[in-house]
Structure formats: C-alpha cells, structure tokens
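Both complexes below contain subunit A, partnered by subunit B and then by subunit C.
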Partner chain A sequence: MPMYGDLGNKLVQHAKRTQNLAHLPPYQTELVRAVTREVRDLDKDVASLLEPFQGSFDPSADQPTACTLLVNHLSIRRNKRCLLAYHRTRTDKLEELVWNGSDVLDLAGQQAGGANGASAADGGASSSLSPQEEDYVRQYGDLLAAYKGQWTDIDLTGSLEPPRDLFIDVRVLKDAGEIQTEYGAINLTKNSQFYVRQGDVERLIAQGYLQKLG
Partner chain B sequence: MSYYDIDSILTDAEKIPCTFQLDIPDLGYLDNTPTQPLKAGTKVNLPLWLAEMLAIANASDTEGKPFVTFDLPPALGNDVVQALKADPRAVPLRDQSAHFYGLATQMMELSEEQELAAILRKTFVIRASEVALYARKVGGVGHKGKGGADEGSNLGVGGAGEDFLRALDEWERSLFRKAHDGTKSGKEWMEGIKKH
Partner chain C sequence: MDIDDILREVDPIFHDIPQEQRDLQELTRAWVAERSAPELLPWPANGLFERINANIKTQIEKVEELTGDMDPKTNFALIVIQTELERYRYLVRSYLRARLAKIDRHALHYLSTDALRARLSDAELAYATRHQALLHNHYLSSFLSSFPANLQNLNDSAAGISMIETPDLESAVFIRLLKDTPVEGRGVDADGAMDGRESDIVILRWSDAKPLVEAGSAELV
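So, the complex of A and B:
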C-alpha cells in the first residue's frame, strides 16, 4: 500500500541517478506535481483535524489526534526535503554545465530529441529542463558572464591545461558562421578543416562546434 | 549530513519495526486498513524519518509515553551481528541494506547498545582496509574506467574481490571510489612528470 512520502522517495532516487550521469535526464514534471499535491492534501487534513478545536488544541489532552498531526506534519516536512533536494541536485548540475561552457539549452533540446528519436511520437524535441530551469540557466549564465566581465584578461572558464602549441588543427562539426581572428575572418562550415590559433576557438570547441585534431 | 544530501535522505527511508503504544483512529492506513483505527500494540514497519520523531516526540513529558517504540531492524539483527563478529569481510552488507552504516548510525543515536556500536566500529575498520587494498590494486593497474560518469556501476574487478566489492554499502562504495580515483590521479601525475 502506498504511503505518504513514497513519491518523494521516488524523486530522490531520480536525483541519485542524476548524480552519476554526465547529462541531465528529463525533468519529472508529473512526479513533482504529485508530491506537491500530496503536501496540499496533508495540509488540508491538518486544517480539518484542528478545526473543531478553534485554535486551543492541547496535545497532552488528546494524544491520538496529536500523533496524527505529527505524522501529517512529518510527511509534509519529508516531502519538502525531497522536493528541495531533487531540484538542488539538478541546479548543481546545471551550474556545472554553465561553468563548463556548454550550451545547456541547446544541449537539452538535442538530448531530448535524441532520446525520443526512436519513438518520435511524443512531440519531437522537447527540452529535458523545466521552464523554470531554463530560466535559471539563462540567468545564471548572465550572472557568470557579468562576473567574468570584471577580469577581461583572464578566462575563468578556460582550460587549466597549458597549451602545448599555439596553433592547432580543428575540424568543424556544425556550421558556426564566420569568426574574426587576428589573421582575418574564417568561415566555419561543416566538415571543413582549419589550422587556427587555439585561443581563438577554445570556446567553440567547448561548445561542440569544433573538434580538435591530433 | 547535509539537509540536501541525497544519500542521507535515502537512508531516512529505510524502515524499522515499530509498535504503536496507543489507539489512533485516523492512522489505520499505516497498517493497510484505512477504514479501521490503529490499535495499540500494532506492529508496523515505518521509515526512519517518521519513526524517529514518533519515538521521541512525547517521551519528554512526565506522564506521556512515546507514540511508538521500535526494535532494531533485521539488518542489525542477531544473525547479522553474529556474522560480523565472526568475519566482517564475509558479510554482504549491501544485501542487508544499501545504506547499512547510515542506518546503523541513526539507530545508535536512538538506542544505547554499546556492544553493537563496538562491533560496527570494528566492522568498518576491517572492511575499510580491505576496500583500500582493492582500490589500490584496481587504480594502480591500467584500468579501463574513465572519468566519474560511469564510475558508479564500474566496480567490476574480476577475481576474488568481485563478490566483496559488489556487497559494499553506499558509504564503502564512495570510499572505494575515492581511494580508486586518488590512486589513479596519483599515478597519472607521476607519469606526466616524467614526460616534461
């Protein structure tokens, strides 16, 4: 028989799995909604239990009711903790992705599209982020950009490995348009190869537009 | 143990056997009989997050008795304890509980079983050195596992250690992973130095 808190537990098991994955699995909209609904139901129960007492409830005079209230209260608290932990696990992951410079919103769409590739029935490329999470990523990205803007000489999200060579060979994996470098403009069209200065294209490699060769 | 800690939350979901000490009309659903009152003396398995508070909530009152009393879960039962006494390395802890030590720690906070605490402490120490041994072995030789992503399921070592490593609880697993990654990074660093 299902018990209060079971759904929240499912959510946390999702979070546990998320921790060990490189990408972010789809947001559990239904489950989150079910858990919040459970909290609301429990709150209603508490209100109706307390109603006859008109705000003068004495726990030691009515122990069974006190115990029921405690169980309801603990279940609500448990659900709250599960919900918060689930979302926190995901935002931690999102922040990590933003720091790594991957285009999270773009990536999310692709993954969802790829996963649904076999069963394209469910509406094509839906994002694995909730709308709120997309918002979060956007705003966090803005924050990070503002923070990095204070030190124009240092790329805080740049690679920590010192480069072996100043110039590298790259292959273009997807069209990235024209970029400006010290040596003029390069038009990055898919499947072409270039010998470029590493510093000019580091971001594009991180974002998955280019692949470093050799 | 942080509020947001996933393993701590999952540990709190482990169930322990409880006995209700009073009749409670509205909680019949805890015993699968939603329409009937819960009678005093009913035994129910409750998750830790519920059992813990129910067991201590009322106890501080002078005339009040706790809502429930609890027993040690089967994972800490006599059979397991006897086996641990004999040889900690031979007990598949994971079969008892995926969060064996987490559960045990919580239970030790609620009850004062000095002997059990001592046995558990000894168990961890002996098993930890075994874990470290295997982690060093696996991390030292050319191991296929790359990066943290697939590390979770990547405990296959082959040989005699396999059974032991499969039966680690979550805490020991993280210990193994840390020891393994540490050895591996150390080795990589040493190799990197030679090249330059």
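So, the complex of A and C:
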C-alpha cells in the first residue's frame, strides 16, 4: 500500500532530475493531480476527526487522535512543499530558456513531435509544458521585455562572459541570411567563416546559427 | 582598479578627478560587491545609473558618427571606443543580472519589509512584484486553487518554520581593509579578533563583515 508522501517524493525526484537536464521533461499532470487529491483527502480526514469534538479538542486527553492529526497535518504541508518545489524548478528552467532567447513554446512543441501543445495534457504527442506553464512563459516573456526595455543600450540578455575582443571568428552552422553591420552587409551561408564584431552576432550565436571559434 | 583608486576615493583631496572616472570606479566597486555579497545590496541612490546610461548613450552616438570613416587613424579610435563601450555594457549587464538573480531567489523576502524594499530600484521593485504575482498565479492555477483555503498561502510560518527563505548571511566573504581597524569574527568553536591593517585581506562571515563595509572601512573583493 502506498504511504502518505510517496507521490510527493516522486515529484521531488522528477524535479531533481530536471535540474540536470538540458530540456524540460513532460509535465507530470497525473502525479500533480494525485498529490493534490491526497492533500484534499487528508484535509477531509482532519475535518472528520475533529468533528465530534465541536472545536474543543484537547490533545493531551486523546493522544492517539492528536497523533493522527499531527501526521495528517505534516503530510499535507510536506505535499504542498513538494508541489511548490516541483513547479518552481520547472519555472526556473523555463525562465532560463526565456532569458536565452529561445522560443520556448515552439521548442516544447518540437520536442514532443510538433504537436499543438495547448490542446492536450496526456498522451505522447503533446507539449512537455502544461497549459498553465505555457501561459506563464508568455507572461514572463512580457515581464522580461518590460524590464529589458528600461536598459535598451545594455542588451541585458547579452553574454555574461567578459568581453575580450571586439572582433571574433565565427563559423556559420545554419543559413542565417543577410545581416547588416556597420562595415556593410554580410551574407551568412552555411559552413562559411567570418571575422565579425561580437556585438553584431551575439544573438545569432545564442540561437545556434553561428559558432564562435578559437 | 588598484589600491590607488581606493585611496583616491577615500581621500577628499583627490575629488577633482573627472566625474566619469569616479562613476566607473563606483560601478566597478558596486559590481564586485554585488557579486560577492550573499544578500542584495542597496541600489545606488546618487543617480549613478542615470549618469552611466547617459554616458553609454553618448558613446553609442559617437560610434555611429565615426562609423563609415575608413581612415585607419580615426578608425583605430573607433575601435578603442567600441571596446570600451562593450566593457562598460558588460559591467552594467553583469551587475544588473547579479541583482536580479538574488531578487528572483528570495523575492518574497525582499518584498516583505519596507527596509528591504528600499534596496531595490523602482524597476526592480516592479519586476519583483510582478514576477511574484505571476508565480503565485501559476501555482494557483496549477494546483493551489484546489487546496483547502487555509493552505493556499505562500508565507505560512507554521511550527516555527517560515516558508519564506532568506539569504544566508553567515556565508563567508573576502574583504579588503581600507584603513586600520579592529576586525572581529565569530567562528564555530571560538570567536577571533585581530587588529587589521590597511589593505589586509580577510575572510569572514558576511554578518561580521557587513558593518565594516557599510562604514567604509572595508570593501568586498
């Protein structure tokens, strides 16, 4: 028979695993639902245990009941923390993706076989994000854009490596079309190599079009 | 930055160095401190970032002006300006992101009291408030709304343990002393005290180092 908190533990294990993954594994809809259900059941148990006492429960007079209540309460709180930890780990991951400028919603859809993510929560051919998470990503993207907007000259999402050289060698991994630089237009065709200003191509490196050499 | 900069900063006679240079020093110091301190430090209130922003804007304009000039002599100046600009930008970016990382990590803590809120800039305050609201909403719509009402809070402190995490003020930092001053540190087994000399580098708990840093007797390295 499964014990209280087993499910919560599974969520935490999922969260722990997520921390070390490059991508986001599918949202555990069923597990989240089951843990939430356990919380509600426990809460009902607490209520029905307390009912006969009419609000005048004395823990020292009825120690077995007091102990049950305590265990129930602790299980509820533990489950809540497990759920919070699981969701926070995932949102942290999502925020990281937003900061990196990747199109999270698109990415999640691709991973799961290109299906439309918003439509389903179960089954293999759906997004690895829950619908709520998709909303969250969208809203966080807006929030970040708003904050970034106050620092337009800095490019807040730019590289956090200290700049060493103004110009760098890059190799083109994917056709990226033509870009405008102050030294004229460059046509970025696959497998070609260029010596360009880092600031001009930072975005393209982050998005995987270009690779920095040396 | 070297020791001379620090002396200049402390010594009022040297205050005839240009404002831009002092701003850069201040930015660099704020950046180093923010990256080493375990908790969020106050946002510089003296208009430092307004000035820096204005400077960056001027330099960008200058770059645009000079662009297209292919004369090797002036072109070299352009490259110097651009390199400087990139570095300046990096400092500001890294500083802002270090702050944002701390704010995200302990958002509820920094929003909990007015004294802590005052450490954030207006933009950061808006960001933190909104981010926290987004998160809470996300929790609510994902699972919290089906919880019993009395369990929906995110700031319970049941059984003496608060749900709000706070930064670890006891973690260790390195500081450099800017003047001779006694240093006291609390240890696990025993406390220690020493007569610090100027430019000594000491490692101790942030909670012990904080008064020294705030008094200007030491800086984080």
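As a working rule, the second predicted complex is superposed on the first by the 147 of 214 C-alpha atoms of A that agree within 3 Å, B and C clash if a C-alpha of one lies under 4 Å from a C-alpha of the other, contacts with A are read in each partner's own complex, and residues count from 1 in each chain.
Keep this in mind: a residue touches a chain if its C-beta (ideal position, glycine included) is under 8 Å from a C-beta of that chain, and two chains touch if they have at least 3 such contacts.
Source: prediction; values computed, not measured.
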With both structures lined up on subunit A, is it a clash or a fit for subunit B and subunit C?
-> fit
Answer with first, second, both or neither: which of subunit B and subunit C does A:Leu84 touch in the superposed model?
-> both
Now for A:Gly101: first (subunit B), second (subunit C), both, or neither, which partner does it touch?
-> neither
More subunit A residues in contact [subunit B versus subunit C] | C
Go through the superposed model and pick first if A:Gly141 touches only subunit B, second if only subunit C, both, or neither.
-> neither
When the two structures are overlaid on chain A, which partner does A:Lys16 contact: first (subunit B), second (subunit C), both, or neither?
-> first
Gap in Å between nearest CA atoms once subunit C and subunit B share a frame through chain A = 6
Intersection of the subunit A residues that touch subunit B with those that touch subunit C | 84, 88
Seen from subunit A, its contact residues with subunit C in the complex are 32, 35-36, 39-40, 43, 76-77, 80, 83-84, 87-88, 91, 95, 130, 132-133, 135-136, 139-140, 143, 146-147, 150-151, 153-156, 158-160, 162-163, 166, 182, 197-199
Name, in rising order, each residue of subunit C that touches subunit A in their complex.
-> 53, 56-57, 60, 67-68, 79, 82-83, 86-87, 89-90, 92-94, 96-97, 104, 123, 126-127, 130-131, 134-135, 137-139, 141-144, 146-148, 151, 154, 156, 158
Parts of subunit B lying in touch with subunit A, wherever the complex brings them together | 3-7, 9-10, 12-13, 22-27, 29-30, 32, 47, 49-50, 53-54, 57-58, 61, 63-64, 67, 148-149, 151-153
Within the complex, subunit B is touched by subunit A residues 1, 3, 5, 9, 12-13, 15-16, 19-22, 49, 60, 63-68, 70-71, 74-75, 78, 81-82, 84-85, 88-89
